[in-house]
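Before anything else, here is the set of structures, which you'll find just below.
Common to both upcoming complexes is chain A, partnered first by chain B, then by chain C.
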Partner chain A sequence: MKFRAQMKDPLYMREFQNIIATLSKLSKDCLMILGAQQMHLIVNEDQSSTSSPLVWVSIAATEYFPEYVMEAAHPDQDYIVLIMSSANLGRALSFLRGGGANSCKLKLQRIQFPCISVACSLLSTSSTEARDVLYDVPVTIIPASDWPTYVVPRVPPSQLALVLPSLRLLRSLIDKLKNMSPSLEFQANSDGELNVVATSEMSTVTSRFKRLLPRFLSADNDREASCLVDSRKASAFFTALQLANEELTIAIDREHSIHLQIDVRKDVMLHSILPAVCA
Partner chain B sequence: MDSPSYSDYKFVGRVDHVKTFNTAIKSICFNDYAVLHISDEGLRITVEQGRSIQATLFMPPGAFTEFHVQDFQSFGLKLNDLSECLNLFGSADCSIRIMYKDQGECLYLILYPYDDEDVSTECAIKTMDCEEPIDHDMNLKDPDLNVIFARGPNLYKIFHELDKSAEEFEFITSPDSPYFKITTVGVLQAVFSVEVAKTSSMMMMFNCRQTVTARYKSQQIRLTNKAMQAATKVAIKTNSIGLLELHLVIQGEGQEEIFVQFYVIPLLNSVD
Partner chain C sequence: MKYTLEGTNARVMAKAVQSLSKLGKELFIEIEQQGLQMRAINATQSAVGSIFFRRSMFEVFDKPPYSDFYCKISMKCCLAVFRNMSEVEYCELNLIDNQNSLQVNLRCKLETTKEATISIIDDQNINTNIDTAQRSNILLGDHKLFMDISNIFNSTEEELTLEANADSLVAKNYIEGTRVNDKFMRTQLKLKPKEFDRYQVIKNTVITFCIKEFRAFLLFGECLNASLSLEFDDAGSPCMLKVKKHGEIECLLIMSTLSPDDVSFSHDYCQQDLTVHQKDMRAAASKRKSSTPGPSVQQKRRQQDVQAEIDSSMESPLFQFRPSEAPSVQQARILAEVDTVVLIEDEAEAEALMLAAADAVQEACRLAPPKAVPEPAATPPLPNSTEVCFYNTDDVPATQSPELSPDVHGDDDESIPQSPERVPQMRTIFSRCFQSTYVPREPSPNSQAYAPNSDTED
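So, the complex of A and B:
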């Protein structure tokens, strides 16, 4: 079993750090599925609190890592599957935040226990010599027999999807709406209008977002779709987001779920699923 | 909801910048329910706690960019809901349209943030019938009131520094020294007092005809803190039995003025 990856571009290192920071705000544990061409990072709905939603990120290895080597334990296997503390991984990568990093290497190795070693080479203003910071993040290796429970989630089907150009207002709105109502209804129509409705005992608050770009997904071009979700889950997702990207795709699977997607790059995508709740 | 035809609505009002209105509402948000009165004179929102403190926010038609009202409208609602709705966009500036159709109908607030013209939020707040608040104004019509006008920021500083652990505050207003004095008696009988001379630069007007000494619950005086913090001018009025009126002026960026009045009933004199 072998895994090694290296990043060199400061922009990509910053993005990768932001992705990990987002995940570490959502859940204690982070699942890492390493494929030959792709890295998947998954945080499940947290058992300890019901408020964090399922979030996962799929990264095309070639996009971020000029050097990426993955050899599974057996030649007939396609993956390495690891679980680690998302807070530890977040801390290991926090050195990339300042932007003064030269390179960052990730390597799976066994010291006394299996771990992902994160080695960052940092430039400092006071010295010409680079400073190396090594951080070992303990991991649990999931044996192939258990893999069926650890799969990359699939994007759910949806009747209607809208692209929201800016997250800022929606983010602060949802943060306020969660105090008013335990559930939020997302209503979308093919004219590019998204309504977020919060209903409480004494008031109804409807936020309208107009002139959004619709993305039709189902064959029978649906005119309208709506779904009721847990407002704390929705808020947890938006509060945790650390990415600079502002564009969000909201896809609604009527009465089942809402799929949120942020395209960080062409082949780097962050997804979340907010399951439907009963009114 | 598109621009309304006014004949359908008993009240339509528009405010260009929600910030001052929001600050004013927050400053009287100390109880769940409030009563709204709308007439040609303006919009009045009254909150009471028990029967001993009352706060009224008053917006004259001049504080609105648009103000249309038919007859006299009066209804109750949950003040917290109103405050939360005004605060939905946080620090982002918005304009707001307020509409009310008729008795039993919801009060509609529509917020339009300036940052994004494709976004708007419509709030429907259920209204209810409400008991009329006490009219304290009647008791403060006497000609022999003690009246002091002071600069808001200075007075806020004085109120802010009052002993927070004290149960009661004593106010003295008098034509002679000490003119204006606040005394607090805290736990362990620690006494703290502030005196403001009538010649002080924070006094804008000083007109006291008699010496009035009255005690108030400190907790009630502290309810005025948020309003005091935002006020530019404060009028302090008391009648001979110590009924206290704090009349505050909150000024918006566009120089429009919103008034907040507090009436505080004095404590009975202890027999000693």
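So, the complex of A and C:
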């Protein structure tokens, strides 16, 4: 079983660190599935948390890691599946945020117990020399027999999707609406309108986002779709986001779920599913 | 007796009090001919910090008439008095009430005056018999450098280990070669000698000391914007952190370091690569099981011999109190979070084997063509990698994967097939209820021993 990856570009390192920081705000444990060409990071995969949504990130290895070697435990296995603390991984990568890192190496090792060694070569402002920082993040290796429990979530089929150019407004909006009502309704319209409705005993607040770009995802040309979701989960997702990217795609599966997708760059995508709740 | 400071110096003194407050619960003040010294000692008496302010810092400084004056006051009171110093323009310290109370007068902006009277508890002081002359290994560097070292570690970390070599300095939160907790994230930072203003390492040493006191003094050094010097000999002997500013302020922090006798080393816990194939591990372990328990038992015996030596050397504690009444509490050794049971190598291999065997069994189950005849249940439910398993060292299960024996076919008519083996699921909540015996493999890494075992029979 071998895994080794190296990052050299400061921009990519910062993006990777932002992704991990986002995941660490959502949940304590992070599931990492390493494929031959892809890395998946999944948080809250069992959806047992009532306040944090299922979020997963799929990264094409070639995007961030110019050097990426993955060999599974057994020749006919395709993946390495690991569980680790997202806070630990976030701390290990914290130096990548400043932009002073030259390179960052990830390596799966067994030093008393399996861990991912994160070795960064830093060039700090106060020194002329490069320093080496090494963090050994303890991981739990999941054997192949238990892989059926841990799968990369599938993007749910949706009827209508809208592209929101800036999520900043939506973030502050949901933050305020979550105090009003336990559930929020997202209504999407093929004319490019998104309505966010919060209903409480005393009032109903509707926020309309107009002139969004629609995308029809199902065969039958639906005009509109709506779904009621938990406002705390939605707020947790938006508050946790640390990415620089602002564009968000909202896909609604009528009465089932809302799928949020952020394309950090081509082949690096962050997804989240907010399941529907009863009114 | 009166001592006055103007605003900026008063703020420095307040910062000194705040740093010392992280050390101990009481502040010891000593007024001598040359200046005023503040000291604090921590609860386990493993660190003493002292900050000395020269006479020149004070505007009015009454020399003590007969001999040096000592007093001990509560740290909490001091902190409350010196809490908010941003408005202070003038600070006056008076010894009143026949030297039983310390009066602090703070004259602030806008004609406000804050006055506090702190009662003196007694006239104890700390005497250290440690030679503060320069040690063999000296690291002199800017406070930013030491702050960088301190910042890579979590704020909850307890100890800092420095490995000083001639060509590099490695700061770690663990001791290389010792066993750590499963969930422990090891951290290390490697620095080059060129980063220090002065880097003198005579002999390669590894020292471990408490990071909390180190950080407290680092904070003070940072607000003084001064360079810090860390001096040490080798593991077990005290190390010193010195900060000097303009010849007016001198700080000294003496910390005791972990003695190498208190730590159990094992080469198995040094860095290795995860490349060993499963079969090799199985073969190696079976060989080891048959051999005599050589090195591990001998190491334990050696430890016992050393214990006897340690007991005798603990008669004179590191720091003493004045007037000379020997404190009843022995110097507490700071032990790392490691335990000292040594018979670990074999068991670690055994567990690795069981994991390998578990994987092999699962493979065999999957790949074998579905037959009516189930395989004989040769082993108890095998643990998975995440399941905590405690096994009696005597009945470690067989390490071979159960083979599908060909002669089971013939016994079809007579033998009743056994019920299929229960495959344990990943998340067994009450896993321990289904295990035969619960024998903890070793004392929990969380239990810290504050004094070595003095039982001669153990």
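Quick note on the criterion: the second predicted complex is superposed on the first by the 274 of 279 C-alpha atoms of A that agree within 3 Å, B and C clash if a C-alpha of one lies under 4 Å from a C-alpha of the other, contacts with A are read in each partner's own complex, and residues count from 1 in each chain.
Here, a residue touches a chain if its C-beta (ideal position, glycine included) is under 8 Å from a C-beta of that chain, and two chains touch if they have at least 3 such contacts.
These numbers were taken from a predicted model, which means no experiment stands behind them.
In the model built by aligning both structures on chain A, chain B fits alongside chain C without clashing.
With chain A as vertex, the superposed Cα centres of chain B and chain C define an angle of 90 degrees, given in steps of 10. Applying the stated contact rule after C-alpha superposition, one finds that A:152 touches neither chain B nor chain C.
After overlaying the two complexes on the shared chain, residue contacts for A:108 are found with chain C alone; chain B is out of touch. Legend: residue contacts after superposition of the two complexes on their common chain; A:133 is shown touching chain C, with no touch to chain B.
When both complexes are overlaid on chain A, the residue A:173 reaches chain B alone and has no touch with chain C.
Judged by the touch definition given at the top, the superposed model places A:206 against chain B, while chain C stays out of reach.
Set side by side, chain B and chain C differ in how many residues of chain A they touch, and the one touching more is C. Figure legend note: chain B and chain C, brought together by superposition on chain A, show a least Cα distance of 14 Å.
In the three-chain superposition model, chain A touches chain B and chain C at no common residue.
The residues of chain A lying in touch with chain C in their complex are 1-2, 73-74, 83, 85, 88, 91-92, 108-115, 124, 126-129, 131-138, 140-146, 149. The part of chain B that touches chain A in the complex is made up of residues 77-78, 81, 84-85, 87-90, 92, 106, 113, 115-116, 118-126.
Chain contact summary for the complex, chain A toward chain B: residues 166, 168-169, 172-173, 176-177, 179-180, 200, 202-212.
Against chain A, in their complex, chain C makes its touches with residues 142, 144-145, 148, 152, 154, 179-180, 182-192, 194-195, 268-275, 348, 355, 358-359, 362-363, 384-386, 423, 426.
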